[in-house]
Amino acid sequence: MTVKRLGILTGGGDCAGLNAVIRAVTKCASWQYGMQVIGIRDGFAGLIGKPRTVNITTSMVKGLLSRGGTILGSSNKANPFAHREMVKGKLIESDHSDEVIQNLKELEIDCLLIVGGDGTNVIGLQFFKRGVNVIGIPKTIDNDLAATDITFGFDTAVNVVMEAIDRLQTTAESHHRVMLIETMGRNAGWIALQAGLAAGADVILIPEIPFTVEKVVAAIKERQAAGRMFTIISMAEGAKPRDGDVVIKQIIKDSAETIRLGGISQLLANQLENAGAGECRATILGHIQRGGAPTAFDRNLCTRLGTEAVHAAARGEFGKMVVIQETKIQTVDIAEAVRQIRLVDPQGEWVRVARDTGVSFGDE
Amino acid sequence: MTVKRLGILTGGGDCAGLNAVIRAVTKCASWQYGMQVIGIRDGFAGLIGKPRTVNITTSMVKGLLSRGGTILGSSNKANPFAHREMVKGKLIESDHSDEVIQNLKELEIDCLLIVGGDGTNVIGLQFFKRGVNVIGIPKTIDNDLAATDITFGFDTAVNVVMEAIDRLQTTAESHHRVMLIETMGRNAGWIALQAGLAAGADVILIPEIPFTVEKVVAAIKERQAAGRMFTIISMAEGAKPRDGDVVIKQIIKDSAETIRLGGISQLLANQLENAGAGECRATILGHIQRGGAPTAFDRNLCTRLGTEAVHAAARGEFGKMVVIQETKIQTVDIAEAVRQIRLVDPQGEWVRVARDTGVSFGDE
Amino acid sequence: MTVKRLGILTGGGDCAGLNAVIRAVTKCASWQYGMQVIGIRDGFAGLIGKPRTVNITTSMVKGLLSRGGTILGSSNKANPFAHREMVKGKLIESDHSDEVIQNLKELEIDCLLIVGGDGTNVIGLQFFKRGVNVIGIPKTIDNDLAATDITFGFDTAVNVVMEAIDRLQTTAESHHRVMLIETMGRNAGWIALQAGLAAGADVILIPEIPFTVEKVVAAIKERQAAGRMFTIISMAEGAKPRDGDVVIKQIIKDSAETIRLGGISQLLANQLENAGAGECRATILGHIQRGGAPTAFDRNLCTRLGTEAVHAAARGEFGKMVVIQETKIQTVDIAEAVRQIRLVDPQGEWVRVARDTGVSFGDE
Amino acid sequence: MTVKRLGILTGGGDCAGLNAVIRAVTKCASWQYGMQVIGIRDGFAGLIGKPRTVNITTSMVKGLLSRGGTILGSSNKANPFAHREMVKGKLIESDHSDEVIQNLKELEIDCLLIVGGDGTNVIGLQFFKRGVNVIGIPKTIDNDLAATDITFGFDTAVNVVMEAIDRLQTTAESHHRVMLIETMGRNAGWIALQAGLAAGADVILIPEIPFTVEKVVAAIKERQAAGRMFTIISMAEGAKPRDGDVVIKQIIKDSAETIRLGGISQLLANQLENAGAGECRATILGHIQRGGAPTAFDRNLCTRLGTEAVHAAARGEFGKMVVIQETKIQTVDIAEAVRQIRLVDPQGEWVRVARDTGVSFGDE
């Protein structure tokens, strides 16, 4: 079949580069193939009920390369196969997949590009098995998808964190303090590791290498003994102590109300002070890592993935995901791609390089 | 008297531009007057006990314009008039001011430049009354000193916060969220106000204008009703609800351990969610606001203050503070300068301009 | 009269902050006074012939704070009193002011906000004398308007140049080279001076202080003799040698074709090499100084000027210009404001501060 | 043999990341192997005559990650096999290679790390053939070495150029102008291509794809016809018209003096204006592309290459170059590595992706 109308949606947590993908898809589809591009609003949520869409023209994507976020909006938890809504005060979960398929038909969308993380692509795969022509473009700020060497948004996040640590360096040095910076990364520590290494962090704490408070304090004291009165700690939000007793997003009950801690870093800062590390201060960058203008690498990766997705659509390669492997853009089966994630290998090159330059992971 | 040897120390929390002051002082003193410049380490702490100093030459200050922090180090709490130290396991407080005066004599320091905040300058004033030739250079990242139109480091901090909010804008927009950014400012809300205004924050919460959670939620809901599904809140760490029941740096006792909250923002994020504002996320920039390369404005302000301090020393204007008033560098009595702080005027131009462009202060 | 419909146009070369003015005007006019805002395209050119306008709503100005340029477009040379157009192959100049006045009437514009430089405001003044209600907002990237302490866009330009020089510092140092950076400033040297001072330039060349190649080479050699093998020169495009023999934008005729030099810097780099200064490299930032996201200071200045212009319109203060004097927003007569420019005072504080820290102006 | 003393030199034009390599080498060599690190000043020039060296300790490399340039200095043209010096007013070229070998022996340097481009590594290879233990680390800002997937400094340069073009976009749009930005790249167009693609340049001119002025003008006019009144051109300094008649660094003789043009861009801007493209402005970033803080990618690449070079030295893998291939750090023979450069493939993926998104290369 010839793809005449190309749908595109963005799902899951946002990251720098989503708009660059939309721009590349629109330009390539319009100019190279004369396809119409239909943007679906707020991820799969835009296909449930009355579809919410917008025809995207090349003049609409002007200026999108440098703009963070996604003009289409996203939806963190929309799953048409288990759609939740409030009905008469009760939360009802029901399957709306038929509705989505019907909507796609009525919109005459010949192929649907799905820019999303694991969850969104698994949903895409289910629709593919139901006969929908889908092509996936991987998106995870954590860079933990095994099928692709690197995901867009990651390079930007790493640079944002690195620049923050650069700023902390001078103030930590002037004041003889421990500075703790909490980064994204619940399961994979890539951001904390690569940003920490790039900014010269002294301690890096990641989910893949459980730490002990004692070892972290020992690293701080070793530095102090060598006359280095300050320490920078780069810490993934999912970093955990070896014994596992600290729960991320810990719920603490106060007499009056429930307080949800934003991150593990303030908890650890407190523990470090108690354990004699001196004054500690925590910084939580939060969503700053997701937003803003992408780096050149991310913009170009998005443009390469976006154009290739259009070519794959033109070639009729449905059920595939567009990825980058060994500097080359390729396509792989979505079914295979969603199966494996890539964590930091505690024995791998990155960790070894960090240790080679004196970084402590709080484990030895 | 002719000043031949000029001492300089930096005290209190650091901020961008301290090194630029040291550079300007050194170049101007060396080249224009042939003075020797003696740097004192770690604020007044470097004058207690055996003095810790370094002769600063013009070749040592190369590259300092763009470097954050202070090469001299600082000391947050060093007060020679009430010096605290551990003696036989007990914390003893005693007057070491004679020692400082004796040290300055032995170092043959004819004039001491004091770069510091209120606390440091009050100490300087006490020494001036005891016969020490001091000249003050004001430093407060909060920009709350009435004697000077603006303090260095402030412009840098405002730009750092603004750029962070810029990044949050796109991700907030894509995800229909409330984003809360906590800035420095315990008593004065200048950073939260000027950065928030510059970045287009929708709500600005500052100590000078107590807020209510209800009004903040109302502002968020009013935006949602107008189709703007996200809200950015710029919040000073010292912002407080009208009834005053939320304590900054609140100590919460858990069964197992004591947890010190880093800031008020996460507490408020939680309250907003409970009050129906939708998903809220907090970002705490912390010391990132203090560090890193200063803006052009801050660098030049430091160079102007530093050179003028040297000229004032050459003219023998002791007991004075070098300030900027109505775009001109001036000198005022330290005694007068430390007396008044400048808070945001709830009826003043800045607040009015913010309200004019639709900003809510959570108060009406 | 009550202003119900407020026109706004942007004229002359652009600079960072124009969009921020448009945003502030629109929000304040709409929300505080219920005025309608009519944007005029491409400066006064949009009022000649069939008027080209756009109704600006508050939802249209979303995101404008951080966006460079002007959404209204500008026109460098449009002058309705001496409008030039090609008629039958000939360039005809004629007075179209009646047409403009007629168009404003038909558009029912009660007051016209003119954001522009000297030229644009002089035109505005002429219309004011003809009975049009105008209010001016000053715009000159060169910061050379005497009526206002600082113009928006200037702080951004200075930071852009400073960051460029920061980058040159390390490469100049590694390679023992003379690096020349050419900045904007045909008549006033403020950008070259303030950016050069902020970035630690060794030589600063500005129109107000004619230089000699000999003195510049002497400054370079003096540095080399002191072991500093590199020199950074910050040079305004209007800098000129004392004898005046180098013409900016010099036209050089080659045998084959006419070549227009972009700037004076390459010419000077060549002369310095010939005079024995060693290897010289020129960098021309050009329009990079005009574009991109404004600094916090510029954004807030724009918001303050924009809202005050609306209040002035509501108060009926026509024929006035909104300015900042001694940190306060004020209004002055346009007639007076356009009369005086402010150049760098060769004997003033800024030049003295630069000399105090060892900067050479190539004049002594 | 066991390497106890490790020499390191940096040669050729500098680029972001050289200091990061020096830091990684020093930390890894000192802490993992107890080697001493001897820095050689100004490339091979530091080994001619009395050697100029410095023992590099781990405390000396503090803060080097974010610092541009090279603390060791560099030398663009030092070749010990054909060393040029002035003797009695004449330029004499002679072989000083024996002297270098003798110096290395006296310094007891067991292995010499050579961080440099093609030229420097060819010299290193010659010394290797003469029995010196050398290991190469590739350095070329142009990213044109076939043996390694990417060279450090390139990512930083691309981001610097992209940010400059980002700034030009808004001003070009407001003023309906053609903006030409000249980047590094005499033989390879990678910087102009990747930065141009990332920033949304409309025309990209590179050495590998000769252009014609007519085609460039046609692309500009096609945009104008579609209502896009501005055009951004990203142009490598080595870009050349198809017929080859424009010489880079063209020498133009004027009646009074010789003027060396800094780049081809102003020449082209002039030709474009003459050919009817409208107003054109050129920007020459020059050495700004080489300097300043490296990106996270570049810093980490440097750390990976630096540590691996030390491990290779410890393993005795002399005559090798440390490279990155398919995301993995590897070693290859220097002899092989210096043989091949990698130009942009006019039929390759990058050019195709650019064309897919509407970029013109001025060739068709």
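For reference, chains read A, B, C and D in written order, and residue numbers begin at 1 within each chain.
Simple rule for what comes next: a residue touches a chain if its C-beta (ideal position, glycine included) is under 8 Å from a C-beta of that chain, and two chains touch if they have at least 3 such contacts.
All values reported here derive from a predicted model rather than from experimental measurement.
Would you pick out the chains that touch subunit C and also touch subunit D?
Common neighbours, subunit C/subunit D: none found.
Superimpose the Cα atoms of subunit A on the matching ones in subunit B and note the rotation angle, 0 to 180, in steps of 5 degrees.
Roughly 180 degrees of rotation.
So, what's the distance in Å between the C-alpha centres of subunit B and subunit A?
Centres of subunit A and subunit B (C-alpha means) sit 34 Å apart.
Can you check how far apart subunit A and subunit C are, centre to centre, with Cα atoms defining each centre and the answer in Å?
That pair's centroid distance is 41 Å.
Just how far, in Å, is the C-alpha centre of subunit D from the one of subunit A?
Each chain reduced to its C-alpha mean, subunit A and subunit D end up 32 Å apart.
If I count partner chains per residue in subunit D, which residues reach a count of at least 2?
Only 166, 169 qualify.
Among the chains present, which pairs are found to touch?
A-B, A-D, B-C, C-D
Can you list the residues on subunit B that touch subunit C in the complex?
Per the stated touch rule, the residues are 23-24, 27-28, 31-32, 58, 63, 65-66, 149, 155, 158-159, 162, 166, 169, 194-195, 197-200, 293, 295-297, 299-300, 303-304, 307, 310, 326-329, 349, 353, 356-358.
Across the complex, what residues on subunit C touch subunit D?
Per the touch definition, subunit C meets subunit D at residues 10, 13-14, 18, 67-70, 73-74, 76, 160, 164, 166-177, 179, 252-254, 257-262, 266-267, 269-271, 281-288, 290-292.
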